[in-house]
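Note that chain A is present in both complexes that follow, paired respectively with chain B and with chain C.
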Partner chain A sequence: MAEVGRNTTNTVAKAPITFAMIELADSADCNTRKSQWLSYGFKDVTPMFGKQSSVPSLNGGMVAKGRDMLTQMKDVSADWYMVSGHHGAIYGTDYGLFTTNGAPDGTRVVNEEQYCGFFNEAYHESYWEHATRTDHDPAKLPGVPANAIYVRTTDAAPESIAAFDQDNPLFDATSWAPAPKGIILSACNTLVYRSARRAWCTYFPNAVIIGPGARIASGTWVANAIAGAAMTNEAFWRDPQSILDQPGMCAELEKQLAQNFPRKKGIALIYKSTLYLADGRSMPADSPITPK
Partner chain B sequence: MPNDAEIDGSSGSTNQGPVGQGNYEVQPGDCMASIAHAHGFLWQTLWNLPENAELKRNRQPNVLFPGDCVTIPPVRIRQESSPTDQLAKFQLAGAPCRLKLRFLDDKQEPRSGLAYQLTIDGQTTSGTLDGGGGLDVPISPDASQGSILLNVEPDPETYPLNFGHLDPDSSATGIRGRLNNLGFACASDGDWDADLQSAIKRFQLANDIQPTGQLDDQTRQALIEGHQS
Partner chain C sequence: MTIVLKAVRMQGALHGLRESRDADHLIVHSDRSLFAIVWAALQNTPEGVAITLGPKGPGKLVAEDVAVDDAWLIEPKGQRVLIPREGEFESIDPWGQTEPQKTKVAGLSLGTFAAAIDAGGQHVLLVVDRDINPDESTYAIALADMANGRLILEKTIHSGSDLELLWDATSATWVIGDTSRGAVWRWDGVKPAIKVAAPSSHIRAATFAATTEGVIVSALADRPTGEAVLMTGHADRDRIAWTEPVPLAGPPVLQARRHPAQAVWACLTQQGAIQGIQIRDAGGKVLAEAALRPGAHLDKLLWSVSAPTRLWGFGTRVLAAATLSA
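Let's look at the complex of A and B:
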């Protein structure tokens, strides 16, 4: 709705759409998304790397620059963010903490684990594979723990059980930045953890958040699911809220995304604190998930 | 304790409340032209009344604020004599109201040459945006709502239009209206709250202004220049 004055000149303009990306593993998903957004004329405002034609993964030699990039990320106020990499519980050994009758209980893990996040390969090979909540001394770990990057997706940053920086620049940014239009999460199990869903909803109550609710085997799964969804045209990226605020449109988007996702129950979305799952269920995002 | 600028989100001089005196309270969608038309006056007649001097000092005739007051005197009846067997022509004095719109793309370039369909009160007209991405067409002073469709391939764009609803730039709703028109979405109603500050920050970032979220003089000026009103 344009509110216009009579007899005065009024300007109706399209605001430039901006995006920023954090890539911690395979760059394929980010590069596909970047390519499409650039084709619409959107602007990559990723600190330090936004002018590059491809999205660098913050691994190996890129880690130091990547840390600088993450620090600057809080200042860019992008309309869209994409975060890609490994995602899971803070330590692989955490999965053993949640059992029922002595056996590992996956449902308890996703509903009760308080600490999860995105991480890069160095973190995966060091802390995630070999550390525990009580023993996370980098000096004892194989791999290159000094290159480890971990970006929490939960509100809690448990210094007492971790030996690495956990700042999520997106969460920090919200203390002053405008709310983004949406966030794409490309990694395993990004929306399956209840504590992560709670954090995303708390920090970004109006954003559409798209991400896997299962493990993914390829860095192109999310990109292909989005590309195959008829709703994800330019108008959607420009103003998803005006589309998703209409009745039934969130469920429709979820349905379209799921059609092109290799795992049946694999991709989910959150909009305005409601979680939409590929099996047709929707529920408050803060609810525990139970097997259907 | 924050200062007033921090409280209201604006560091420039502001005039938040209604102004003026008189027997008519401005409603959303009103401007002097629509008020005068509804009461049988030329808008200049009302605007130049001494009783409306405060309104004139603080407002533009076409951008009033709901709650402003306007003095409207009784209509003077004028009698004209004319022969019964001849056609008598009476010409309404004053110029028609105009709708002036310009459209910019996300690089702030004019969207010139686009075909459009403008619908006002059920009447549809067609045309092409001029070299500046604009159109300038007469409208009835009491036209309240309409829409314009831009024939963009592959997805035509439709913009609903709310005539006369642009509030003064001294008000939060006036700033919201201008930001929304320029693509920096925020709620159309509301005060100087976080939602408005977010939109101001987006506007500041897009215009290379320090993103404070506060409507400082530089930001206000850029906003008015960007909107052209």
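Let's look at the complex of A and C:
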């Protein structure tokens, strides 16, 4: 069999649909989506955990197994991925690097921050809360930095800034595989950071990528918005490209997602390097975002 | 015990349901509207037919422009629908007998995610969201005093998991339950809330019920061996008295919810593509079960508040009723 690169769309009609999940925080969103996908007869190919009825959160006692799973997932080829957890700038102190007139500038942060990722609670309580780009020695950090998991969604930060594993098994795959049909990013600000949008589009130029354009209190907001959108029926999950390639369908999907999402916040999608926002705007995904 | 299970497909996205008056009358939140429906008019819907509520189908329109983050509820005395809006509550008689009313509540903003009301109907507890930093928000708790129009923000409770709210009339306190960890807070609306920590087990889903025996927590957990268990506990003032975990043999259980008056649990199961409903006793024994037809997918189970033999289930496109008989 010929090897097929990740940027080649999976065109096998009616093939068994597969999915894989990474949960770094509360599992309720992944569990909801998993249950729905299983009801279509789709197969969970998540290493180690795929046969379980629920998706484990890679925290506490699950960290060691979780790291093994993340390593094994580099070899996995799934039609759909869902990644959930905390998401943000590599360190909370990074906000102070992007200021205007001495005050943190939120627009500059989301447009200029180079390093972002998903992370678990142990990372949040140690590195994210207390480390800086110049001072991130785990021996000096509170919490349990040994249990920290960080999964990059941008270029990896150099070791001088972050001397820990930043691998994202979707980006850092060790084998060739068909490209996924789509990716759900269930966490705060996953499609707000320009550098993250650029990375997702570079690795997965043909996948539909759905994620919040704002802070969220719970990943269930994402799961419920996706379930509530009329377009996300079984046919969509089997072949989203054939639907979204039709004129106007990306904007329609974005509209349906936004109607099922809390109003003060926003959910966004990227398809073929175009970003669709809840306020009706669309733009190249690589564009800086400015307040409307 | 047997279960007669009827599931009806819905055209719109179903976000929530509550009983109004009795177990035959429901208020459902479909897409961006609330509708009053009579279950008897839906239960004979043919298989495969998707119901469209409103002028083109069954259901009386109660309210429009109701978003997923408008945590509406039914006021217990008058059975009116209360909808939190920006700066006020809208009160609507779903059956159209009396005029709509508005109650101003200063500080009430858009974005409410769960709601509960006390027995007197004077206070409404709300789940709201709170921004912590540029990359983080959490749920928080606010209490609306309907008599004087004030909103009190609780300062200590925060969670990234969906929360269930109960009014515990016995202790005259609110119960706030973390649906992912099984933790419970109690709050009297005045003094600082008391957090009752959850057990350290790998809890993956929890529900909370105000029962004739007090507040019961039902938590699904996985043992290190992979064995699924149901842990139940009585939420006392400052602790949860957990019983010995009960193994749950059979298909994986996604949710377990305690009956308000009997020591039985409604369990939502899923084996592969097929979901089912089980009724289990305190020892985990299956007393009755019924399978949903393929393609019918439920997310939540709710016991009827007026008929002890009625269980409701709903998913985004499905409304189901299970009727139990001895």
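By definition in this document, the second predicted complex is superposed on the first by the 272 of 292 C-alpha atoms of A that agree within 3 Å, B and C clash if a C-alpha of one lies under 4 Å from a C-alpha of the other, contacts with A are read in each partner's own complex, and residues count from 1 in each chain.
Convention: contacts are C-beta pairs under 8 Å (C-beta built on N, C-alpha and C of every residue); 3 or more make two chains touch, one makes a residue touch a chain.
As the structure is a computational prediction, the values presented were derived from the model and not from experiment.
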Touching partner for A:S53 - first (chain B), second (chain C), both, neither
second
So, A:G88: does it touch chain B (first), chain C (second), both, or neither?
-> second
Counting residues of chain A touched by each of chain B and chain C, the higher count belongs to C
Looking at A:R108 after the superposition, I want to know if it touches chain B, chain C, both of them or none. Which is it: first, second, both, neither? neither
So, A:K272: does it touch chain B (first), chain C (second), both, or neither? neither
(request) In the overlay, answer first, second, both or neither for which of chain B and chain C A:R133 touches. (result) neither
Task = Kindly classify A:G41 by the partners it touches after superposition: chain B alone (first), chain C alone (second), both, or neither?
result = both
Item to complete: Answer with first, second, both or neither: which of chain B and chain C does A:R198 touch in the superposed model?
Response: neither
Where chain B and chain C land on the same part of chain A: residues 41
Chain C contacts chain A in the complex at 13, 15, 31-32, 67-69, 110-111, 113, 129-131, 133-139, 160-162, 179-180, 202, 204-205, 222, 226, 228, 252-254, 270, 272-275, 294-295, 297, 299, 315-316
Given the complex, residues on chain A that touch chain C span 25-28, 31-32, 35-36, 38-41, 52-54, 56, 61-62, 86-89, 92, 95, 104, 106, 109, 188-189, 215-218, 220, 224-225, 227-230, 259-264
Note: in the complex, chain A contacts chain B through residues 1-18, 41, 77, 176-179, 233-235, 239, 241
The answer for chain B against chain A in the complex is residues 31, 33-34, 60-63, 97-108, 134, 139, 141, 143, 155, 159-167, 177, 180-185, 188, 198-199, 201-203, 205-206, 211, 213, 226-229
